[in-house]
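Listed below are the structures to be examined.
Presented sequentially are two complexes of chain A, the first with chain B as partner and the second with chain C.
Up next, the complex of A and B:
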């Protein structure tokens, strides 16, 4: 059939519309990182992502893409580029960035009160450097509590969480009661969304404490490392009955306060590495729906007892991935169960809002998202900073509630310098990394391991661990629809 | 295993010195580098991180690290100011 020449004059070919496409779009800020040999993760400033081939990546950057290709529309809809038809993209991107960054501007929400350094346990991996339980000198006084509360309510954050830590905080329950009642009274004026958490080994839990927790809506967070044998090996106490006391305490708290009011965390030791499924099964047996597969942190007794030398990152990563595969299978069988670190990262990838997890944030959450009031009134930028101080290095001590004002602490050189120097957006390797929108900076970790708040990322355990986890999570998201939907169901706003 | 010494040559019309430093930074866990420029040629000499030369290797890598930090700090000065201003925007502690 002969083409109708008159029609051809009216309608140009598709190629004609593609002419001059080169340079007809502009790139928006983006970064990329390789996932495997020919797969790259391309992310923009707000964490929207595309997984692309090397050819697609080059086409995007060199502006050789066809304007009618599906890939071009993907890039355009996710704000990796804009053209004459879509210059509103910059405003939209700005709006999304402000939404993501909003939590940072809300300022310090988590206020940790170390009410006692005393503890009945003698865990080898303890990151807190506990004191034996007969030293009242290591308890927080009412005066220190009052001064600390003054600081708490100076934070502009609309939500305030007061977390009681130790040692074992229930050894100084009187001061917990005092702080809860005082904060509740103060909050009648301040009208914050006020929450309380006690991080406890549950040894000293009794009905009086449970009643108080019920009345004041207090959450309990405890440690459960796994089976009886593993838990008692990791967490020795006189009587060798830590597991029994913890499980009993969890069950009582679940009955008295509700299942959602008690949570548990585990710490990975060399003894845990071969039994991740058994550890998860312990949580299932207690009708819990999440676990945090945490590696050891380089602080306190974990360093003194060389616990952190007993396994390397690769071995922990194998432990983590085996656990995560098992958890995904549990979900496939209909039991909703999450791994908390994975859940935080997924929320950072898919939620339009930032997360409030302080260890994975840029600028660092130290001081501006979480702050620690030690038993003696010393103020630290984070719990890890306090742990470092207990080891003899007070670099991140911001002041003392008895001698320093709130501006003294929050505008201290050490805090401002740490915030500024450690920004991932201006750190070598981080500033160009495709994982940046999901990652953060951990100046206290890098100071503890490299004596430098920025840290060289090529040799950073923090960077190495998170890069491995990010790559693994993106491989899971690509695996199949069922797995992807399970992971998406974990995302929290 | 890297042979010592080993060199890579770049044409500075194709790759900038900053680009090369950024790329070398990522390999600091395995080796250290000397960088020299002559005419239009950038020459990178690679040294394996040998136990006996550990301190020299660390210094070489630290210099690249600090150099990159300085470049990035200049380039991201405005971004840093904006991010920190946002962080403190509701505290009443900084002048608006």
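Up next, the complex of A and C:
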């Protein structure tokens, strides 16, 4: 017995309670990626991270670290290694992995109903290829709604969100009412946590619709691209009053339903690039607390009208960072305001739980996180898959509610193949990337851009964009305490 | 400071008692006869009434010479001045051979703790109740006998050790008894959690279905070497973590208790990150200042750190816990040593009988909200105590 020199005699020294052997620790699964010349991001399988120097990284991997250094204990505490003194790390890592993956096991939570393809707008970037608003053949029927609801309640997920999309879904409000009432009735038996969202341009909002939303706790999600000039340029409608209608609708919904019940999304066009602050100011003026600085997606009219060619990723990234700096400044001045994509990534970095954002999951969220029921009963693996189909490529069509069963759709070759190919953990370049725990795969995007669901990441816009954002977010986290605390306050645990 | 253990008590009449007795205190000399056998009467001798049947009659110390006027009575005990705080529903244990009175339960206490064993499987360097390897199973019998005497409106009782799970099957037995006798009272059990590495023990505990139970378990560090060193036990870290996982697997509420001292304060933020990442499902975190009793006194020089000097680590840790939505409290630390932004997490946690303040605290406007000091800590206090105005 070696007494601890500093403690009273009967207490042994720290070494007596360390069964670890110098330089014989075991590595736990981890990945790294360089952030700058001498800074590496080291991540473990569940997204815990350390920023380390080249020397530290070498020491860790080559097992030359002294087991009494603080860095060794940091690595041990965050489960990058374990030694002979303790092996509970394996059990905890397993627990954390299951926690992160829990949402996958729960299966499809988001069910998108395309209740009409009709729309009163004629946006050049429309990603869903709307139809003019008098063609009722593009409306969902009661029969299709009923069959789709059968599918919805077959999902084992304890939480079900039904999102109404279009076109402009309020042009077919009768079917929305029908679906909400039927789903609520069905849920008396199924007892799910059931939510509804209508994605709408708010043109046709009226007090009847608002009362219905209030009674059934329905959320509204709309599009607001910025100032009046920008919004109306991006989103033309006859009468050139899209902006006025949208703002009026947002205010009414806020007043009637509550500020938390109405949200807005923006889409970045070439016209937006120079005015990110003005765009954010529009959201501030409407008492909103978040914005989603979204680039254009390569689907629908955005492709047909060559909108996506009008600016490159680098230019969008500058737009995004300028916006984020402005938002951080707002927070410094005491106004809580977030950028949603950044918030999702921060949550993926710091939360022990998985996020439900469909486009950053591995395996892909297509089909198993979100599923789309088109107006005609066609079932798609994601909203983007449906957009692709409207362009003539129905690769990701999983079936049709009228002649496919739920197992037909869920066990369809196209879905199973897509899921199998979309495991980032086994995709070329992804499997070794230090950002993997925060990223995901987007097979529909890669199919649309490279005709391959896996895609070559070196030329992938998806990979390129996310890598830029990850690096930028980690640089912000290291910038100073104030900035870091602001970003941490955005995390949804 | 309130004395719970007194010796200067004297019989002023003859007594029939030979063995230790448990008795509940009452001031009602008109208590109906059949109930009196479990009561000790706090008697005001100026009131003459029928006093038959009380197990003890307690009179103030001044009556120790009054043999004559009490001659017809039995079992009259003059009690120490230190026991004048006794009141209705308190429970005492009296030892007739030594005239010792131990106060086991106080109706008005801010906490009532019961030591059910002094045995332990660890040897923590700052243990305030150093373990003794003795047969003290009488403590379990005492506790079982005491339970029916405790007022059912008591908000919370605490069972402590030693290591409470070392009493074997009696562990489940006493929790069952606490549930049956005190159906509205919360039960706080302190354990080092190691024995819950055996899932069956957690299952057995869950099967009691106690209405309001919490197990308080210490974690001292975010990695095994340091935790085991403080615990003075190999494998303590792994066993404690597995124990917590098993308890939570059985949906039993768990509190993590972190004692802050010179050997543990440095990695408080890392420990907070470890807990939020690995044990987010735990129900409460207590960050506790050190009580200089027992081994903490023995190892004082190695363990003492002025709480003022770990403010940054404490603040950082509290912010991490609260950011993750965990319920966190700061125990045993005067308000003036806690950074302002986290003062709202401070709790008056020190049991009233061992709680004290400094003279300068009388000028402090925040004294009412402050947890103050352990009486045993007054010998060495922070150099940064500063009354609020």
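By our rule, the second predicted complex is superposed on the first by the 470 of 493 C-alpha atoms of A that agree within 3 Å, B and C clash if a C-alpha of one lies under 4 Å from a C-alpha of the other, contacts with A are read in each partner's own complex, and residues count from 1 in each chain.
In the analysis below, a residue touches a chain if its C-beta (ideal position, glycine included) is under 8 Å from a C-beta of that chain, and two chains touch if they have at least 3 such contacts.
Bear in mind that the values here come from a model prediction, so they are computed numbers and not experimental data.
**Student:** Determine, under the contact definition given at the top, whether A:427 touches first (chain B), second (chain C), both, or neither.
**Tutor:** The first partner, chain B, only.
**Student:** Does chain B (first) or chain C (second) touch A:454, or do both, or does neither?
**Tutor:** A:454 sits against chain B, while chain C stays out of touch.
**Student:** Have a look at where A:95 lands relative to chain B and chain C in the superposition and call it first, second, both or neither.
**Tutor:** A:95 contacts chain C only, not chain B.
**Student:** Applying the document's definition of touch, where does A:403 land relative to chain B and chain C: first, second, both, or neither?
**Tutor:** It touches nothing on chain B or chain C.
**Student:** Between chain B (first) and chain C (second), which does A:419 come into contact with in this model arrangement: first, second, both, or neither?
**Tutor:** A:419 sits against chain B, while chain C stays out of touch.
**Student:** Considering only the contact definition stated at the top, list the common interface residues of chain A for chain B and chain C.
**Tutor:** none
**Student:** Going by the contact rule set out above, which residues of chain C touch chain A in the complex?
**Tutor:** Checking each residue of chain C against chain A gives 123, 125, 222-226, 228-229, 231-235, 237-238, 241-242, 245, 267, 270, 273-274, 276-278, 280, 295, 298-299, 301-302, 319, 323-325.
**Student:** Mind pulling up the chain B residues that touch chain A in the complex?
**Tutor:** 22, 25-29, 61-62, 65, 68-69, 72-73, 75-76, 79-80, 83-84, 86-93
**Student:** Considering the complex alone, what residue numbers of chain A touch chain B?
**Tutor:** The touching residues are 101, 104-107, 155-156, 362-363, 368, 407, 410-411, 416, 419-420, 423, 425-429, 431-432, 454, 456, 458-459.
**Student:** Which of the residues in chain A come into contact with chain C in the complex?
**Tutor:** Chain A residues touching chain C: 6-8, 10-14, 17-20, 48, 73-74, 76-78, 85-88, 91-92, 95-96, 352, 485, 488-489, 491, 493.
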